[in-house]
Amino acid sequence: MSILLENVTKYYERQAVVKDLSLEIESGEFFVLLGASGSGKSTLLRLIAGLIPLDKGRIWLHGRDVTTLPPQQRNTGFVFQNYSLFQHMTVAQNIEFGLDVRRVSRQARRQRVAELLRLIDLEGYEHRMPSQLSGGQQQRVALARALAYQPEVLLLDEPFGALDARIRVQLRQNLRDIQKRLQITTILVTHDQEEAFELADRIGVIDAGELLEVGEPSALYRRPKNRFTATFLGNANLLRGQRNGSKVYLEQPSEEVTLAAPPNTEHLSGQPVDIFSRPEEVEIALSRHELRGQLIGQAIVQEMTFAGPLEKVCVQLQSDRDRNKSSDLIIQVLLSPDEARTLGLARGKQVWVGLKDYHLLHAAV
Amino acid sequence: MNAIAAPRGPRSGRWGSWGLRLAAFSYLGLFIVVPLVVISVQGFRDGLATFVSSVTKPAALSAIGLTIWTAAVMAVINTIMGTLTAYMLVSYRFPGKALFNMLIDLPFAIPSLVTGVMLVLLYGPQTAIGGFFEKRLGFPIVFAPPGIVLALLFISYPFVIRTVQPVLMQMEANQQEAAHTLGASPWTTFRRVIFPTIRPAIITGGLLSFARAMGEFGSVIVVAGNIPMRSQTAAVYIYGQIESGSTQAASGVSVVLLFLAFTITLSVDFFLRRRDART
Amino acid sequence: MRERELRGPLPLILLAAVLVYAAVLLLAPMAAIVSSAFAGGVGKVINALLLPDVLLAFRMTFLLALGAMLINTLAGTVLAWVLVRHNFPGKRLVDALVDAPFVFSPVIVGYALILMFGREGWFAPTVVQIAFAWPAMLLATVFVSLPFVTREIQPVLAELTLEQENAAYTLGANRWTTFRRVVVPQIWHGLLYGMVLTFARSVGEFGAVAVAGGAIERYTETATIYVFRAMHDRNPIGAYSVSVALGVLSIGILVVMSLLRRRPSHTAAD
């Protein structure tokens, strides 16, 4: 395998910024490290690149133990968030820098630069200066620069953070294509989960220096193991319950409601759980028997928000214990405008709520 | 100085880093720390009592006092005129502005001794202006405090200007325009929008020129001569003591002068830091 | 701030005040010395400047300024680098110390050097004479012009983000190559400016070198010290001529400084 991290730990002022982190990444894989600001993801990337020394653990790149090696000798390509192009050099000089340092002949360098400019679609830009380029163009040059000497590993630190939304989407696709073509092991760090979904073969969710979960995007989205993952990757509806035998007993809205226990959740047996479902898996109906999914209870429509191709609806479940209960019972639902219209939804309307698909998480204390 | 928390380089570079640091520290140490220590030790070598007595001799006290008040007068004038000059430079277009901007650095470049010579030449008792002031108004310029103040003003001319100018230039034009659209007159705009922004720079420039002026020697010794009790500043006094071999007196006053200068510089730094912490 | 046209009485009055102040304070004395120097004709001035003492004095001035410039450039760059890129306890103090020469009275500097290297000094040398000789003068000159290079480079270095260096490291360049090819090309402007400032300050120094060197005619005399001596020896032409020469030199340096100050702005795209 291409990248192996073993118990990597990094302290900053006596706090562990990266805690005992272990990870394996396959050759040619596009791995996305997803986390919020301050989660330690950028630090981890820099540890892999060798820009910061680690305090404990080991790092292996392509079978080599690089733990004590400086960045110069790790043969990685690094793309920084704010491009960090050499302002006083032309585009061509920037791109060929890595080759120049490796004493590649001028002829070969020129060829490679032309190749790369074609790859990033900036042919003819050899002699431009960074200050003459747009943000998106600069980032592409930064990418070309990092790829010029065919590194074993490509590392990107929130590369699109400083760019407009539209450019971001464009560049994301370009990056994906390039990575697929070159089959280079890649780690991209981001806080944008949409970006993670679009690019990743696998996603690693990181929070407070710890790697919480690793998996394919759809698996993490649908069947997260971890409450943080669940809420970080998208809107999550969570209802408290208890799993017993083959059933899940809800605490709210009513203790009489039970659901069938989903498969592969035996390990949570006898424990308090969170029943987790995505807004798009929640079903709304006007009468009880119209529900096809598992019944949860009755609710009142609180709010409806237009969201382009979808309608976001918030409903509040009515608890049988206390009719005026708190917002813990707010469920988010995603409907097509058609569905919303057919149901004649409006604020204050009473509806029945069911779940088409759901999953169990270990309940937070 | 903005201290960026510098990330440390990779482990193998550690030795190189310490080599660099060693070089930097020995450079500073040799050239700044050691002289400081040497002077201080010399000043107190014969005990505190001797130190005090050497510093409180009438000539010494007079020199110190003269130094302080002439520098203070200069600082006040310089601050006002410097701020005004900076403001005019940044806010208005006028013919010859680029040339004027260049001329401001002149006192930086001209040796201070030459400044003294020039002033004696222009305002000496034998000249029209100097003679007029001395004989008609009984108010000698050269070889007297006014000459000292003039010399200090010349030397310190660029300080406040160059400290305030960049701050003014960086101020967004929008702020001024906003104030105008809100109904503020130019004077009000200056008083309530511009001035508060440049006040720290003004204070810094003023204090630094004050500290610098206290140690001024070249121009003062020419312009004011070496007349004890009348036109002898602390620096000149020290020079005189060295020439006549009284090391005790020389070091005593040196220590006082250093102490004053350092106090001011440190308060400027402290003041700036407190302001940075608040913003 | 945007520039405005001069309109209305108040701006005009203020501008007049500013210009008159500058004229009286700066230009008048300069005009005075130029006219006095050339009062007896250009020939006299040139003769005064070609005296062997004067030439020796200028030689001393130049050598000291050159030496100080070289030393301070090298050491100053290292110092700036350490201050910007490294973190260590007491960094603030070290940073403040760099400004120390600014507030030291020159006489005190010279005095300290004598205390250190004089015959009964702390580090009284046995082989080479330092005090009252050119080594002490060089040390004095280095001291007074110490901060300039460091202070000029520091902001430029800080602005040149660490990321560009990191980028170079990941691309395979070692520290020296990175310094040479990424850092220097971007700071050379500030570096040059600092060097010119250092040189100018060194040329103008008087008090420190006079005390440290003992101001011995022809041996430890700089151009400024010569002017001082000329004033006392009732040699006005000599004093004024050398002053004017120094003044012309200074203005030349000033012009260079101004040209350098109009630096090309890198539009930082980050």
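Going by the order they are written in, the chains are A, B and C; count residues from 1 in each one.
Methods note: contacts are C-beta pairs under 8 Å (C-beta built on N, C-alpha and C of every residue); 3 or more make two chains touch, one makes a residue touch a chain.
Since we're looking at a predicted model, the values are computed, not measured.
Enquirer: Would you identify the chain whose Cα-based centre sits farthest away from the centre of chain B?
Expert: A
Enquirer: By raw count of C-beta pairs in contact, what's the busiest chain pair here?
Expert: That would be the chain pair B-C.
Enquirer: If you average the CA atoms of chain A and of chain C, how far apart do the two points sit, in angstrom?
Expert: That pair's centroid distance is 56 Å.
Enquirer: Could you grab the centroid distance between chain B and chain C? Build each centroid from C-alpha atoms only and quote it in angstrom.
Expert: 16
Enquirer: Residues of chain B touching 2+ other chains?
Expert: Where chain B meets two or more other chains at a single residue, that happens at 7-9, 13.
Enquirer: Which residues belonging to chain A are in contact with no fewer than two other chains?
Expert: 50-51, 70-71
Enquirer: Any idea which chain C residues touch chain B in the complex?
Expert: 1-6, 10-11, 14-15, 17-19, 21-22, 25-26, 28-30, 32-33, 36, 75, 78-79, 81-88, 91-92, 94-116, 122, 139, 142-143, 146, 154, 158, 162, 175, 197, 200-201, 203-207, 211, 223-224, 227-228, 231, 239-240, 243, 246-247, 250-251, 253-255, 257-258
Enquirer: Help me check something: in the complex, which residues belonging to chain A touch chain C?
Expert: 49-51, 70-78, 80, 82-89, 97-98, 101-102, 130-131, 133, 135, 138, 142, 145-146, 149, 155, 162
Enquirer: Quick check: in the complex, which residue numbers of chain C touch chain A?
Expert: Residues 161, 163-164, 166-174, 177, 181-182, 185-186, 266-270.
Enquirer: Note which residues of chain B are touching chain C in the complex, please.
Expert: 1-9, 13, 16-17, 20-21, 23-25, 27-28, 31-36, 38-39, 42, 81, 84-85, 88, 90-94, 100-115, 117-122, 150, 153-154, 157, 168-169, 171-173, 176, 186, 208, 211-212, 214-218, 221-222, 234-235, 238-239, 242, 247, 250-251, 254, 257-258, 261-262, 264-266, 269
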